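Below: the structure, in C-alpha cells.
Labels run A, B and C following the written order; every chain starts at residue 1.
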Amino acid sequence: MTSRVRALFGACAIAALSTPAIAENIVIATVNNGDMIRMQKLTDDFTAKNPDITVEWVTLEENVLRQRVTTDVATKGGQYDVMTIGTYEVPIWGKQGWLVSLNDLPAEWDADDILPAIRGGLTVDGELYAAPFYGESSMVMYRTDLMETAGMKMPEAPTWDDIKKAAEAMTDKDNEVYGICLRGKAGWGENMAFLTAMANSYGARWFDENWVPQFDSEAWKTALDDYLELMNNYGPPGASNNGFNENLALFQTGKCGMWIDATVAASFVTNPTDSQVADSVGFALAPDNGLGKRGNWLWAWSLAIPAGTEKEDAAKKFIAWATSKEYLALVAENEGWANVPPGTRTSLYENPEYAKVPFAKMTLDSINSADPTNPTVDPVPYTGVQFVAIPEFQGLATATGQQFSAALAGNISAEEALANAQDLATREMTKAGYIK
Amino acid sequence: MVTAHSRTAARLMISPAVVLLLGWMIIPLSMTIYFSFLRYNLLSPGMEEWAGLTNYRYFLTDPAFFAALTNTLLLVGGVLLITVVGGTALAVLLDQPMWGQGIVRILVIAPFFVMPTVSALVWKNMFMNPVNGLFAHAFKAVGLQPFDFLSHAPLMSIILIVSWQWLPFATLILLTAMQSLDQEQQEAAEMDGAGVLSRFIYLTIPHLTRAITVVILIQTIFLLSVFAEILVTTNGGPGTASTNLTYLVYAQSLLQFDVGGGSAGGIVAVILANIVAIFLMRMIGKNLDT
Amino acid sequence: MARAISTRRKATFTLVAWAIGIAIFFPILWTFLTSFKTEAEAIASPPSFLGFAWTTENYSVVMERSNYSRHFWNSVVISVGSTVIGLLIAIPAAWSMAFVPGRRTKDVLLWMLSTKMLPPVGVLIPIYLIFRDTGLLDTRTGLVIVLTLINLPIIVWMLYTYFKEIPGEILEAARMDGASLYNEIIYVLTPMAVPGIASTLLLNVILAWNEAFWTLNLTAAKAAPLTAFIASYSSPEGLFYAKLSAASTMAIAPIIVLGWFSQKQLVRGLTFGAVK
C-alpha cells in the first residue's frame, strides 16, 4: 500500500467514522459464471497475500450486472472498485475516459503473454483498459457417437455445407435427437451474437463504411435462409426461446447432435457429473463458406477499474492477482487443469499439462481465427466480431434479434424479418446521428 | 355532522401522505420531462443538446409502439379477467366449511410470495419448455405433440404466469371482504327459497363490488408495468408479440442507455396509464362511494 | 339428516378446495423438490417426483457462495421498515378520507395511485443521480425511503377500503357519548380496523420483499436484499435449476412462514357485532 493511498484512506476513515480503519475494503462486481464463482471461492489466497485489503463481492446475473455497472460508471456513482465487463464495453468506456489504464501493472504480470487477439480487443489507443479473466470464441461441439452411427466424420474445419449434411444425418426426431441446436432467443448477446458471427462468414456485415445498414444485402439473405433451414428441419422445438443455457441443457441431456456456441461450454459438456454425453463430444472450428472468415466470435470477460475510485492501488493488486499466471496454477492445483479460466495467456497453451485437456487446442485455434479489428469480408467502420462497438448496438441488436426470432418461430418470413431489421437499423442510426 | 374542527384535523392527517407523494411525483417527473426533450445518451456524455420533440416523434413512430400498446391492454385485461373471476370463485370456495381450511388458504396465497423473476424462470424452464418441461412430458404421456407455449402463444403464456402470481392477491382481498358478509341475511334468503346462484348474484356480488374495484385498480397499476416476466421468458418476442410499453421503455433506457428516448417513452406511458385510470374510474369508481 | 348432508357438503368442498390449492401451489412445491436434486436430475427426462437421491448439496453451495444472512436481514429491515413507516403515514390519511370525505377525496385517491404509473425503468437515471448526490446509494435508509413512497398509495387505498367497511353509526354513537377525536381513533376505530391493517401490513411486506427493480438497481454490496441474492443464481453459465431452486426456496421460505402464522389473523375479517 503506497503512502498516498494510506493517506487517502486515513482521510476517508476519519471522514466516515463508521469504517473500521483496519483494512481497505474493495467492492468487486462480477458475473455469476462458473469461473468467476471459483475466483470468489479462492479470494482467501488473495487476502492472505494482501492482509491490508478485504474484498466484498457483488455477484449478479449477466444482464443485471451490465445494467448495474453501466449505470454506475456513467453516472460516476462510485459503488464498485473493480468491475467485470466484456469486450463490448471496454472500447466504448475506454474512449470516454471512464476506466483506469492498466499499462502500469507490475512487470511480472507479463502483458506480452496475453493472447494478441484478446489484448487487441481490450486496448484503446495503446492503453490497456481491462485485464482479461477468461476469453472465449465459438466452435462446433458434436456427438462423436451419433456421427459414427451415421457413418460420417466431422472435418477439423467444416463448411456450412458439412454442418447441414451432418445435421441431417444425426436428426432422429422420434427419439428426440435434433441434429443441430443454435441460439434463437432474441437478444444482442443471444441470437444476434451467433447470427452476426455466422453472417460474417457469409460475407455479410452490419454497416457499410458510411454506417448504412446492410440487411438488404444478398449475403444476409443467404445467411438467414440457411440458419432458418437448419433450424426448421433439424432443430429442436421451441428454438426461438433457446439461449446459451437452454441449449446447454439440451446438449447435456443428449438431445442435440451438434451445438455451435461458446468455447467455454466445452468444459460443461465434457464434465461427467453434469453431462450425460461427456464421453462422446468432439470439437471442430466454427464453419465457414470459403470466403476467408469463419463464423466464430470473440469475447473476453475482463476486470477493469472505474475512473475515480479512491482504491485504485488495491484494485490493481486484485486484478493483477486474479488474471496472473499464478492464479491459473492455483486453480489447476485446486480444481484440475480443465477448470482453469481459458483463452487469455499464451503460456497456458504452451503448458504440456494443459495440452492434455481435450478442448484446449480447438479453443486456442478458434480464438486465433477471430479478428475483432477486421471482422468481415468487406470493410466496415466498426470493431467487434459478433457486435458493433457503438453504444447504440445493444438496443438495436436486441430489436433486430426479435425480428429474427420471430422468423424462426415462423411468425414472419425471412424477407419480412430482414426488411424490418433494415428499417429499425436505419431509424436508429439516423436518430443517433450516424446517417446524416 | 362533520364539524369544521374535524375537517381541519382531517386535512392535517392527510397532509403528510400528500406532501410526500407530491415530492416523489414532482421531482422525478420534472427531471424526466426535462430529459425527454434532450438528446442524451448516458454512454456518450458531453453530447447533450436540446432535441425538441425528436424523442417523442421516434418513440411514437416506432413500429413496435402500436404492438406494445395492444399487448399492454391485452395483458392487463387478460390478467384482470382471470384473477377477478378466479379470485371471486376461490374466495367463495374458501369461505365454505371444510377440513384444513387454513392450509388450503396458505396454498392458494403462496404464489404471491414468489419473486417475479423466480416464478418466470420456474414456469419457463420447468413447465413450458417444449422439450424438458413438465407440460411437454404430460403432452407426450397422452400421445400429443408438445405445445411450444412461448413461441406460439407468447402473450398468453405471460398472461398465465402473471395471473398465477396475482390470483392470490385477488383471492386474499376478496376473502377478507367475504368475512363481513351478513350471514343472517344469507340464511334468511335461503329460507325464502333463494338458490345458490341467485344468492350469489344478488347478495355476494354486490357485497364484493368495492373489494373487486380495489383489486382491479391496484392490480392495473402493477400490471401496466409488468416487465421482469417478459424479460426472463421471451425478451419481448418473437418479433414484438409480447413487448409491452414498459419493456419498450426498458429497451430505450437500459439497453440503449438513451436517457432522452427512455424519458420520452416514460412520459408517454404515464399519460396512457392515466387515461386508462380515468377510464376505469368512470366505469367502476362509483363503487367506492357508499 | 341435516348433519349428514352438511358433512357430505363439507367433504366435497374439502376435496375441490384441496385439489385447486395443490394445483396452484404445485410450481412452488416443484421448486422445493428440485432444490434437493442434483443439477443433472433437475433436468432429467422424464422428471422424477420423489424417487431421486435427495441431497442438500445445493444449499451448502448457496450458503458458501453468498452471505445469506446479510441479504436476509436487509430484506427484513427494508420490507418491515418501509411498511411500518408507510402505515404510520397512511393510517391518518385513509382515516380522514374514509370518515371525513371532502369533495375532492376521490380525486386525491386517484392522483395518489397515478404517482405509481411512471414506469420505474424510465426514471432510474434521475433517481440514481439524486441518490448519488445525497449519499443514499447502497444504504438501507435509501431503500426504505423509496419503498415507502412507492407502496404508500397502495397502503392508503387498501386501508381506505377497509375503513369504509366500518359503519358510520358506531362513530356517531361514540361522538354522542362525547368521545374526543383521539379516543375515537384509539378505542373505537383501531380495534375494528385491526384485521384490515394486519392484512395491509402483510401484503405490503410481501410487495416490498419481492420488489426487484429498485432494490437491485440502488444497491451494491452493503444493502442488497434477497432479490439481489436471487439475481446471482438466475441463469449463469452451466446448469442452474437446482441451485436456483435452493436459492428461491431460501428467499421465499421466510415469507411463507410469516404468511402461515398470520393467515388466521388476516382473514379473521371485519366483524361488526356492535351494530347488529
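In this text, contacts are C-beta pairs under 8 Å (C-beta built on N, C-alpha and C of every residue); 3 or more make two chains touch, one makes a residue touch a chain.
Since the structure is predicted, the reported quantities are computational estimates derived from the model, not experimental observations.
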Touch graph across the chains, line, ring, star, complete or other?
complete
Which two chains meet at the most C-beta pairs?
B-C
Chain B and chain C, separation of their C-alpha mean positions in angstrom:
15
For chain A versus chain C, what separation do you get between their C-alpha means, in angstrom?
38
I'd like the Å distance between the centres of chain A and chain B, where a centre is the mean of that chain's Cα atoms.
36
Would you mind listing the residues of chain B that make contact with two or more other chains?
42, 125, 131-132, 254
Shared-contact residues (touching 2 or more other chains) in chain A:
67, 71, 75, 249, 253
Multi-chain contacts in chain C, i.e. residues touching at least two other chains, fall at 43, 45, 124-125, 129, 231, 234-235
Chain C touches which residues of chain A in the complex?
27, 29, 31-34, 37, 40-41, 56-62, 64, 67-68, 71-72, 75-80, 244-245, 248-249, 252-253, 262, 264-265, 268, 273-276
Residues of chain B touching chain C in their complex?
1-2, 6-7, 9-11, 13-14, 16-18, 20-21, 24-25, 27-29, 31-32, 35, 42, 90, 93-94, 96-119, 121-123, 125-127, 131-132, 134, 137, 164, 167-169, 172-173, 175-180, 184, 210-211, 214, 217-218, 221, 224-225, 227-228, 232, 245-246, 249-250, 253-254, 259, 262-263, 265-267, 269-270, 273-274, 277-278, 281, 285, 288-290
Residue ranges of chain B in contact with chain A within the complex
41-45, 54, 58, 62-64, 124-125, 129-132, 146, 148, 150-152, 231, 233-241, 243, 251-252, 254-258, 261
Would you mind writing out the residues of chain C in touch with chain A in their complex?
38-40, 43-45, 64-66, 124-125, 128-129, 132, 137-138, 216-217, 220-221, 224, 228, 231-240
How about chain A: which of its residues touch chain B in the complex?
63, 67, 70-71, 74-75, 92, 96, 176, 185-188, 190, 236-241, 246, 249-250, 253, 255, 391-392, 394-396, 398-399, 401-403, 405-406, 408-409, 411-412, 420, 423-424, 427, 431-432
